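For clarity, chains are labelled A, B, C and D in written order, and residue numbers in each chain start from 1.
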Amino acid sequence: MIRAGILGATGYAGVELVRLLSAHKQVTLTMLVSQSYQGMKISEVYPSLRSICDCICEGLDADKAADVCDVVFTALPHGASKEVIPALYEKGLTVIDLSGDFRYNDKEVYAKWYGQEHSSPELLEISVYGLPELHREEIKKTRLIGNPGCYTTCSIMGLAPLLANRAVETKNIIIDAKSGVSGAGRGLGIDYHFCECTENMKAYKIGTHRHTSEIEQELSLVAGEDITLSFTPHLVPMKRGILATIYANLAQPYTKDELIAMVKEYYKDEFFVRVYASGLPETNHVAGSNFVDIGLEVDSRLNRVIVVSAIDNLVKGAAGQAIQNMNLIFGIKETEGLDRAGLYL
Amino acid sequence: MIRAGILGATGYAGVELVRLLSAHKQVTLTMLVSQSYQGMKISEVYPSLRSICDCICEGLDADKAADVCDVVFTALPHGASKEVIPALYEKGLTVIDLSGDFRYNDKEVYAKWYGQEHSSPELLEISVYGLPELHREEIKKTRLIGNPGCYTTCSIMGLAPLLANRAVETKNIIIDAKSGVSGAGRGLGIDYHFCECTENMKAYKIGTHRHTSEIEQELSLVAGEDITLSFTPHLVPMKRGILATIYANLAQPYTKDELIAMVKEYYKDEFFVRVYASGLPETNHVAGSNFVDIGLEVDSRLNRVIVVSAIDNLVKGAAGQAIQNMNLIFGIKETEGLDRAGLYL
Amino acid sequence: MIRAGILGATGYAGVELVRLLSAHKQVTLTMLVSQSYQGMKISEVYPSLRSICDCICEGLDADKAADVCDVVFTALPHGASKEVIPALYEKGLTVIDLSGDFRYNDKEVYAKWYGQEHSSPELLEISVYGLPELHREEIKKTRLIGNPGCYTTCSIMGLAPLLANRAVETKNIIIDAKSGVSGAGRGLGIDYHFCECTENMKAYKIGTHRHTSEIEQELSLVAGEDITLSFTPHLVPMKRGILATIYANLAQPYTKDELIAMVKEYYKDEFFVRVYASGLPETNHVAGSNFVDIGLEVDSRLNRVIVVSAIDNLVKGAAGQAIQNMNLIFGIKETEGLDRAGLYL
Amino acid sequence: MIRAGILGATGYAGVELVRLLSAHKQVTLTMLVSQSYQGMKISEVYPSLRSICDCICEGLDADKAADVCDVVFTALPHGASKEVIPALYEKGLTVIDLSGDFRYNDKEVYAKWYGQEHSSPELLEISVYGLPELHREEIKKTRLIGNPGCYTTCSIMGLAPLLANRAVETKNIIIDAKSGVSGAGRGLGIDYHFCECTENMKAYKIGTHRHTSEIEQELSLVAGEDITLSFTPHLVPMKRGILATIYANLAQPYTKDELIAMVKEYYKDEFFVRVYASGLPETNHVAGSNFVDIGLEVDSRLNRVIVVSAIDNLVKGAAGQAIQNMNLIFGIKETEGLDRAGLYL
């Protein structure tokens, strides 16, 4: 059994890890760390976990973590992760970090988009970007994962096949993404008050959202050239789910069927990617599951492709992908603990 | 492996059965029947099931059912079930019926509340009311289950311990129950149009809802005397979940702690019942799971107890309970396929 | 023109006052007080008000209020109101207080349910409970209104006609009330985080909610005897709206039609009360309007009546009723500024 | 008083007309036509209207309409409008049509996007596109209005100032629009079932939605050259509101302030347009009102502008705009009946 610890266990990504790992046949949860709820059972904070996981939340103790864990998931705010991870990593733990702190190849890009110098640039060089569909072999060999962002996972996976095949121009790529509110986390703020969210939608951080840089990093690697693009996040009155609507000009005329075939081929061995020959993904197709659903339409009038991709931001966009990475690192079946249907309803 | 068929597989209870059974380690789905979607994959109707269950829906063929199934779940409209079940039962199949057709001990009660004569009164005598926490031993021995209603499960389980212990008066019992919209099924109707439901709530069928008779039947058995009570259902703008707020006058002064202890003792061996020593159940504590959560408060000013119970109407109120019954009948672990945490979010 | 000020203008009741008063033909808004948003335009806090009301929020200055206002609406937290109102009242202003501080006839009841002594018991004697349908003549003569609570308005108005006519027993009255989230105000709290509210419902403060005492005070007056009753509030995932489901045993057998006639007669001159001869109120029938909708069913099996009443908690349950009181005090048409249809959608 | 009739009064646009016109000081509602609810009071269909408008719905009688109405609003399905309007128009009535049937200058464009020949091409030449901010003077002189679509109003108004000033390139314009569910009308369909909509979002009709042609027609006029663009509609789980996120490449480098000034200047005399110097529109800023809110950001990294515009699809996107047109045609104040704040909550 893999002994797993979670830092930030009472946040939304943290509790999703608890939900999924408590059903994972090869994992035992040995340590739940929560500053806010130290001394309380996780099932007092989230009564859905009663009788399922009644572990007590504790404060952070890196020595103890090294003793009782094989892997630690860090679901902490951006910036906080990079302060605690070096100690954990040095003690020989495998660390899967859900923050933005270890997702970058270039510390300058991190500094620019996160507004602070990276305190462990040497670890940044070691860390692997944990998107298995793009970096599976590297992931298997590392002990430090920068687990991708939610918007990024959805956006990158929708575009990668077309860029890898040079089917689209690299200029004028636009990603219009919409997210449920859980993506903002459990912290309080007037923007997340029920009465301000429900029956409301909005765009935010236009042109400045940090995930832009992450998407550009990965798609530039795929395309073999520098890519800059528009990324606009929106908040939509629902809990889970991201939908990305992606616009790109075709490099030459393609039919929808040709592009679908291209995407299917690209992901042909991927259990978690479902490509739609007809119809389009919706967020309730993936809610509660680790799937990425991808569809597209060609607008031949404009010689443009519009890709639609959908994920559950808490699963494939956070906790599920983290577990997928853990499975790869520990050499167990990649889909273990992640192979159930989501909740359409 | 138990070979299972589902009649009415594309309704909301049906697809919840597919979701849960496709993850059940001792079950193979061998037959999905849907009149409306004959010839289509279930995963075309519910894309959340893609790669999980891609079975093709077919028309009803009782002979084939007998050949390929050990158990059949009938998730058909009330009235329709009783027409098809006799044939299935006679062929030796185990039948778990999710309609109201086989829940009654007395055909007159059925006739009164359902407005039609029962066409198979002899089967009504054989059938067992499938609430395992009350009828476990009978369930193990039957091949025909009348799986309880959603409101009923939630209401009966909240009141049974207090009535069994004669802690409350049998007059003036009031059950004020609130349900999410999935309880109404997938059929179209202006009442279930998104714009008419969202940001709206209402009471309906006051004093006339059929579940009243089911609750009275079971609670009369528990109490050992005839019980009549008020039951008022409400529609609330959410998908899953039932909350029952139950009012009863105390037979003598009790403290909250005494009553909590009584309820805990009553359900002491029940995995699926979680009793709250403090705090109260909410529907997101049980959403997606087979749990019944029960809490209560004593209003000593009025010598009254107010019990609050919560279930997921599609799981413990329908598909989950049906699987719990199947597990009992087939002699496998009662919690098999039902032991995961729900989705708080 | 009546010059009106609002204390607590940026809370949900406050901004509803701004919305309604900015369209009131005989009112000018002369002072908006908000501690949190001092110096900002109200329309920066609530952009829906841009071009409609661009007043700047200021700090509280009682002298200035006396200079520029004829009436002041105080929409402050309970307990805070009673600290500022004496000064305003002494300066000759008409004060309509939306908190619980001036709703009681008996300072002991206030002390018991609010957990603090009342600091101005002499004003408590002067203040009038601002439910026009019960206290219209007193309201016209006062300068200090304790504007009723939202749950209370809905509950009292549903029961008053039956109690006034001695049609129901005074024992075993149960009010099961459900509210949208705006009733909890704009303050932050994990309970009101979108992700914790949506797709969730719960009961809270069973037997201890302060509105219980207010309902009992008023219904005792109506009935001419002391009434104690069960009141249970619930939180439901919507913004606006309260639905009260009220259970009472009939004093003698009545038909539904007889009781409907009784309620219609009781409210025969009331514009804001709509009685349903058939069907039942739903919250979207009243959303955005000052109406109270009332329906009922008789359960002759149990000799019990179930009344359903619905209001918009921010209008008839707060701001609208406050304006209705102002209209009465200033001798203008009672429906002025309140006579528009609500938003069904 | 203007005597107004509504055809299709019980649809969502129709009832919004009833809500707004019943509060319009210079209008009397003289005729409500509804095939489905003939003989019923509109307030039985929509109880929110009780005591406000209790008119009885009737069948269509063009002669009677000519007798009792000065203006008729036709809120019928596309295709049905053009069958009844010629008769109404010939009788001298002013007709404001909310369908797509009279929005086009070119019958070929209609035929192409609506899949049918236009049966009254001669009226198509007479009809005026009812977007007052672009066509005010023509509107004043006509008796036949093609009232714009909801997506179109929101999209056109966000882009027109930039195109009129040649600030953006006409290639690579992308409009990613999101709508609440009321835009789909009151008709039944599984896509609009509460359980299928809530907690779900999706794109639909990519590259083929009819509003594309309407947007292109109007923006081509504004730009003085043929414009083709991508328009993608999305369904979001809320009732009211459209948010359009519009991407266009800048013709030359502009700052945000320069573009804001340009938009403000363009709409400087428009009451219903609110331009955001900072911050961005959200749908709850406009819900229930006739405002169009417009904000933008410049992404100087990409030399691209992203415009965000928001309307209430039922008001500025349908009924409100229709009334604005009526006001213009009848020479009364353009804002009459439309000058109230919306509901932020």
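Everything that follows uses one rule, which is that a residue touches a chain if its C-beta (ideal position, glycine included) is under 8 Å from a C-beta of that chain, and two chains touch if they have at least 3 such contacts.
Bear in mind that the values here come from a model prediction, so they are computed numbers and not experimental data.
Trainee: Among the listed pairs B-C, B-D or A-B, choose the one whose interface is a repeat of A-C, with over half of the contact pairs the same by residue number.
Mentor: Equivalent contacts to A-C are found in B-D.
Trainee: Using the touch rule from the top, work out which pair, B-D or A-D, shares more C-beta pairs.
Mentor: A-D
Trainee: How many Å are there between the centre of chain A and the centre of chain D, using C-alpha atoms for each centre?
Mentor: Taking the mean C-alpha position of each chain, the two centres sit 39 Å apart.
Trainee: Per the centroid of Cα atoms for each chain, what is the distance between chain C and chain D, given in Å?
Mentor: Centre-to-centre distance between chain C and chain D: 36 Å.
Trainee: Just how far, in Å, is the C-alpha centre of chain D from the one of chain B?
Mentor: 46
Trainee: Pull out every residue in chain D that's touching 2 or more other chains.
Mentor: Within chain D, residues 12, 182, 195-196, 198-199, 237-240, 281-282, 284, 287, 345 contact more than one other chain.
Trainee: Quick one: in the complex, what on chain C touches chain D?
Mentor: Listed in rising order, the residues of chain C that touch chain D are 12, 15-16, 18-19, 22-23, 46-53, 182, 198-199, 239-240, 271, 274, 276, 279, 281-282, 284-289, 291, 293, 314, 339-345.
Trainee: With touch defined as at the start, can you tell me which chain A residues reach chain C in the complex?
Mentor: Of all residues in chain A, those touching chain C are 12, 181-182, 186, 188-190, 192-199, 237-239.
Trainee: List the residues on chain B that touch chain C in their complex, please.
Mentor: Against chain C, chain B makes touches at 172, 174, 176, 178, 180, 195-196, 198-204, 206-207, 228-230, 232, 234, 236-241, 243, 245, 247, 249, 280-284, 287, 297-299, 301-302, 304, 306, 308, 345.
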